[in-house]
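Look for chain A in each of the two complexes below; its partner is chain B in the first and chain C in the second.
This part shows the complex of A and B:
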């Protein structure tokens, strides 16, 4: 089932065009990986899905992105509601300079989800468990989140993102700053999460895309070159450029 | 003469730099250089200038006292006091310079001639010695350039010593200032009990003034109570911070988070212009515009307001401090990493929620630091208080009355006639050192707060 459907998406930074006519259909409760060389526009595309490009003054988005028939690229859209539904995990772990508990409770507090302290405690516990971090931090929830190791910080950010029960989670190279063990933990986590949420992940690691995703899109120079089932993209791509990139001939 | 000599040394140093570099290029043709050619130039220039200038400086420091000893030798048998001898020497110098207008005795005349003679000898000796040193050190340095000795290390060592001397100078001057404050303050505390100074509630040094002899100890006891001054200082600083912290902080947040590039480009320099206005200008603005305005408003409301009020001075001081806080907090807020903002926005937080819950806490150490810096500045501010809040040291907590501060009282004490040994004059040093201790204390707290929060947030 389709969750997000982008049609003829064009994105400009000032006079420079970053995305050209991207049309893509992202399925529900699947992991969609976006691969491609640096600067190919995959992160730009990802940031369109929760309107993070609003933060960049010179950025202009044209075209249509529909999520469950709701037009995301519209002035009238309630961005706060959208971001409650579409969480994001960034390349560099960015926990707030607050306690572990406050980090996870941040979203529920902003959106007024918890009615009581007990409910908030439950949300925090549930989110940390889902992020596979609970056992490591349950005795020190009042320590500063930035004091954790890199992999733990990234899982904390995932816990923060899932605390508001989003339908979609966007991940922008979530493992590029992590060691292999932490990466394996996160990949396992992604596999678990996809039972409940739709995940779109940008990654530089082709093996990671192959491991975690069901669909893969290959971006090059702002264009979506090829999009399809991960197996097919990696084993038998239609496009020569995809073939070259996958086999490491460029990028 | 001195000017010509120094100019000559410096010109010679420049010449030897070019000469050394050229020599290096010549050496290069036959053997490998030990350093870049410019190091050969630096080496020669340093050997040329440094010894000569050091000797010159030492000579200039010691020459006058040596000449003085020679002149005053002739007067040792007259049993004169130190002050009288000093007076004679001043006369001799004036006579030699042709500016003396009193009675000229034979004895004085002789001394003056001797003085002129001594000066002449000293001058020629100085020139001769310095020329000798120049020749010696230059030829020494040139020989080692010719031998193609290692050039980089001596130049680096020389530069290290130049930097060391500069910082040593700064440290010594600071220590000197502190000690001179301290010694005068100790002399003050020999006349006035330290207890009376710290806990006394009346500040009225003028009443201890007596023409001859010692002032009455009973009077002393009640004239130097610094409590009103400390109270006034902190009161006015408090009013200033009440104005400066909210406006400065909010404008800092606006500039860094909300303002578009166009607004920021013009607003920031305009706010920073506030910091460039001399405090005297703020002072008369406070005294001539704000003070009367406060008085009028107060009178209209039926309050009794003095024309010189703590409120006027504090408010204007606050305006003066706004750019400190706004500019510094703008900087620290801008320095908060963008990925924290992204994280917050991605959670669906609005701009104000992000500022309140993420950016402000992350920037807090810097903001606290800038506020404490601003408090130090407010405590040390003088001109505005002198002009706008009056000089009478009232012990009051009413912002509509006139009050005075430590710095303003120091001004009052040290302008006009004064005697150096007088407790009234020395009280300025006691006030100075207490002010110094207070601001030092504030700065130490500021630093430790910043450090503590930094540990917590990084």
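This part shows the complex of A and C:
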């Protein structure tokens, strides 16, 4: 079933066009990987899905993105509600310089999700458990989140993102700053999360895309060159450019 | 390694060594200037923290005090006539002196000696009718002689202490009746025309009130302006123009702000002259740009990843700013504020223009009482001719420096203690 549907999406940074007529259909409760060389527009596309491009003043988005028939590229859209539904995990772990507890509780607090302290405690525990971090931090929830290791910080950011039970989670190269063990933990986590959440992940690691995703899209120079089941993209792509990229001949 | 390469390597090492030496010399020069400055101030000023007393005996004679009552009440003591008693206390130092020369003895103590005689009896009513020893504040000239600041070898007619007074001083000194004690009244008394009585209480309180008023006006305005400019305002020509103006404002000479205070606060709004309220508002015009610039710099220093994290969680712009950016920028903002206030602390020119240079011999209790401030007090005293004020100037500078050091230390502590480290 389709969760997010983009049609003829064009994005401009000032006079420079970053995305050209991108149309894509992202399925519900699946992992969709976006691959491609640096500067090809993957992250730009990802940031359209939770309107993070709003922060960039010169950025202009044209075209249509629908999530469950709700038009995302509309002035009338309430971005606060949208971002409650669409969580995001960034390339560099960016926990708040607050306690581990406060990091996870921040979303539920501002969105008024928990009615009581007990409920909040439960949400924090549940989120940290889902992010496979609970056992490591349960005795030191009042320590500062930025004091954790890189991999733990990234899992904390994932816990923070899922604390408000979003329907979609966007991941922008979540493992690029992590060692292989931490990467494996995050990938396992992604596999678990997809039972409940739709995940869109941007990655530079071909093997990661192959391991975690069901669908893969290949971007090049702002265009979506090819999009399809991961198996097909990696074994038998239709497009020569895709073939060249995944076999490492360019990019 | 061939010789060319060897030579090159040696040159590079030498260049680095030379550069380090330049740095060391520069630091050495700066430190030695500071040392000379400090030595000047301390060597001149430390004696101001000592006060000289002349010890003599006073006879609280009921007749001379014009007290009739058998057991006089507090009021009787309060209203008694102390003139003769005090006079006698001084002239008794040299009973052989002809009456018309008495003034020479009286001049050796401060003109307030009569009050001191009175205060001692009020404190100890049972001294009535008795002969008791009393400490009287020495006049500034005797004080300076005692501290060795007054050359005794200049001709008598050029000296404010004549030979006879020196003779009495030497006699008293030999008897141990000249006392040197810590000068509490320097800190508790307001300004005075007499150097031996002058203190910094009024100017110190004036400075404290001015700084508080300055903080109350400049901090909220500056922080709000900085937050709006940095976090909310669109980046366009107009905001660029505002930015240029703020930076310009920081470089405007302080006397111009003094004129503004004079022309607007005093002339248009009719605020009370010579008060810390007006002084503080005038100073806040100066600290405003400093705090805005510091606050903007520390807001800019908050990593964008923190803002993105908050926005991506669905926080509004306002929540992102108030929950994350502003708290994280506070250490920098606060230390910038303290440094701005420290600058304001040393400002003299604008305060002179708004009338805080007036002679104030009361201690201000509120920001709307007339007051001086420490730097203005330095200016006032340095203009005074009496020798006794020379050490006061240096002592006042020392107090101001101590104040400044404390504030800068506070800025450092705030910066280090509350600074957060991100990932």
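Quick note on the criterion: the second predicted complex is superposed on the first by the 251 of 251 C-alpha atoms of A that agree within 3 Å, B and C clash if a C-alpha of one lies under 4 Å from a C-alpha of the other, contacts with A are read in each partner's own complex, and residues count from 1 in each chain.
As a working rule, a residue touches a chain if its C-beta (ideal position, glycine included) is under 8 Å from a C-beta of that chain, and two chains touch if they have at least 3 such contacts.
Since we're looking at a predicted model, the values are computed, not measured.
Following the superposition defined at the top, how do chain B and chain C come out on chain A, clash or fit?
Verdict on chain A: clash between chain B and chain C.
Classify the contacts of A:20 with the two partner chains as first (chain B alone), second (chain C alone), both, or neither.
Neither chain B nor chain C is touched by A:20.
Quick one: classify A:153 as touching chain B (first), chain C (second), both or neither.
In the superposition, A:153 touches chain C alone.
Could you say whether A:134 touches chain B, chain C, both of them, or neither, answering first, second, both or neither?
neither
What is the contact status of A:12 with respect to chain B (first) and chain C (second): first, second, both, or neither?
neither
Would you sort A:164 into first (chain B), second (chain C), both or neither based on which partner it touches?
Touch status of A:164: both partners.
Following superposition on the C-alpha atoms of chain A, which segment of chain B from the set 56-64, 110-118 or 182-190 overlaps chain C?
The overlap with chain C comes from chain B residues 182-190.
Starting from the residues of chain A touching chain B, keep only those that also touch chain C in the other complex, and list them.
Common interface on chain A, chain B vs chain C: 50, 52, 55, 57, 79-84, 87-88, 90, 92, 94-97, 106-107, 110-111, 144, 146, 157, 160-161, 164.
Give the list of chain A residues in touch with chain C in this complex.
Chain A residues touching chain C: 50, 52, 55, 57, 79-84, 87-88, 90, 92-97, 106-107, 110-111, 144, 146, 150, 153, 157, 160-161, 164.
Which bits of chain B are touching chain A when the two form their complex?
260-261, 337, 339-350, 353, 357-358, 361-362, 456-458
Could you please specify the touching residues of chain C with respect to chain A in the complex?
234-235, 303, 305-316, 319, 323-324, 328, 420-423
Given the complex with chain B, which residues does chain A contribute to the contact?
So the residues of chain A in touch with chain B come to 50, 52, 55, 57, 79-84, 87-88, 90, 92, 94-98, 106-107, 110-111, 144, 146, 157, 160-161, 164.
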